[in-house]
Amino acid sequence: MQPDLSCSYELSPAFHDLDPMDIVWHGNYVKYLELARCELLERFDYNYPQMKASGYAWPVVDMHLKFIQPIRFGQRIRIDARIVEWECRLKIEYLIFDAETGHKINKAYTTQVAVDMKTMEMQYVTPPVLHEKLGVFV
Amino acid sequence: MQPDLSCSYELSPAFHDLDPMDIVWHGNYVKYLELARCELLERFDYNYPQMKASGYAWPVVDMHLKFIQPIRFGQRIRIDARIVEWECRLKIEYLIFDAETGHKINKAYTTQVAVDMKTMEMQYVTPPVLHEKLGVFV
Amino acid sequence: MQPDLSCSYELSPAFHDLDPMDIVWHGNYVKYLELARCELLERFDYNYPQMKASGYAWPVVDMHLKFIQPIRFGQRIRIDARIVEWECRLKIEYLIFDAETGHKINKAYTTQVAVDMKTMEMQYVTPPVLHEKLGVFV
Amino acid sequence: MQPDLSCSYELSPAFHDLDPMDIVWHGNYVKYLELARCELLERFDYNYPQMKASGYAWPVVDMHLKFIQPIRFGQRIRIDARIVEWECRLKIEYLIFDAETGHKINKAYTTQVAVDMKTMEMQYVTPPVLHEKLGVFV
């Protein structure tokens, strides 16, 4: 049985995330995705410091965001993040909801690949440390 | 004949755009795309202030970025932006290059839709003002 | 007796707040101050939406930050914010601490003035709505 | 005779620098100061990469900004930056103007100290490399 590779993260936008339309500027969603991703990886003890300690950087190589509803100041949102690929790359899917109404706000994914920090070479399969941390069978 | 709907925009990353890997944090590319997009729309006299004056907001509803090479401090990059759809939505494609070597750094697109600022209703065809500004035949 | 015009706000820095030194970029502290300030003003029902509804904008006109220690990823920090002037302008003082050790990280203040959103005129005394919200005697 | 330790830097704000008041969010001025500072230090061949190569980091330890006028989209601004102290610390003063009218927009300073990147110790006098780069007599 595979472990649960998902988590939920809640936040309210900061004032400085708003644009002149009084809604969150679209580029700031990338920050929200990262907050949820770090929370998820933290659970598996493989957040940024542990990645670094393992000798691998994990740059984002692909990112897609579909904006369905705007986010306003004072609104509470929930980001559901889930790891959907880990064999050759780390792909995470995200759904952002209004935390109260449950209305869908955004749908996104990010893809990361492992880069050996000594050789700076991109890895075409993910290193064993990822599988160990996630507790998955490849 | 359709007009040339493209432009090039050059920049060097700011120190505050860098992350702990000493490369531009992936979310900051969204800012670079916007700089190129505003430059492109400015040429057609339909940048943010003119959009507002025309009664339409143009939120980004879809965005995809493929990261090919990192960007470093001191590096000069060129962003080629081109409008590829304008009938129902405004879709712009971007290619980011190293300005000196010509190596490809990033490939992206953004899609925007018109929203009537009075009714806040999304428009399923783009309003005439866009075609007039772009000088295109629909 | 004057009410307690202070609050504490805790956070951990996001990965995207870090710079190439692996510490929080100094400009991002301004965001942390704002988060604490909004939390404080929220308690008095005079956060950004209520300011707007009251007909006044409150731009920051003066800001000073003294950086004592860096902030690192994974570190928990506490921001103590306190309103110290409200008669002619709204001045807030901040102290940032390491939430665990209590070591001082930063000392700052911000000053805001009321601007009448209809006339766009700066107010040389703060409007009555501020005193009412704060529950202070002038 | 001491060399000219000043420079001017011009820019127009990006759309993503604006807040719901349709003016540049106050925290983004810190980015503008950094752009002018990097331009100034670049002239003396002592920008971020050369600092790093010299074995010193130069964190900002003190920062003050006085906001006089707002900055709007489409406005051209000029930042005059000038090194005013270099013996014990690197202090830079800034004046931001409207590039067309010459009206004053902001007055600021930043103070940086040298930190030896091997020992992580703060230096109470600036290292000789700074004087050599600036071409100043101490």
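Order as written gives the chain letters A, B, C and D; numbering starts at 1 within each chain.
Simple rule for what comes next: contacts are C-beta pairs under 8 Å (C-beta built on N, C-alpha and C of every residue); 3 or more make two chains touch, one makes a residue touch a chain.
For clarity, every value in this text was computed on a predicted model and none was experimentally measured.
C-beta contact counts were set side by side for B-C and A-B; A-B has more.
Chain centres computed from CA atoms place A at the largest separation from subunit D.
Distance between chain centres (mean CA atoms), subunit B to subunit D: 29 Å. Once the centre of each chain is set as its mean CA position, subunit B and subunit C turn out to be 34 Å apart.
Each chain gets a centre from the mean of its Cα atoms; for subunit A and subunit B, those two points are 24 Å apart. In subunit C, the residues that touch at least two other chains are 15-16, 20-21, 27, 31, 34, 48, 73. Taken together, the subunit B residues at the contact with subunit A in this complex read 20-21, 23, 26-27, 30-31, 34, 48, 57, 59-68, 70.
Those residues of subunit C that touch subunit B in the complex are listed here as 15-16, 18-22, 25, 27, 73. Interface residues of subunit B facing subunit D in the complex, by the touch rule stated above, are 14-16, 31, 34-35, 38, 47-49, 73-74.
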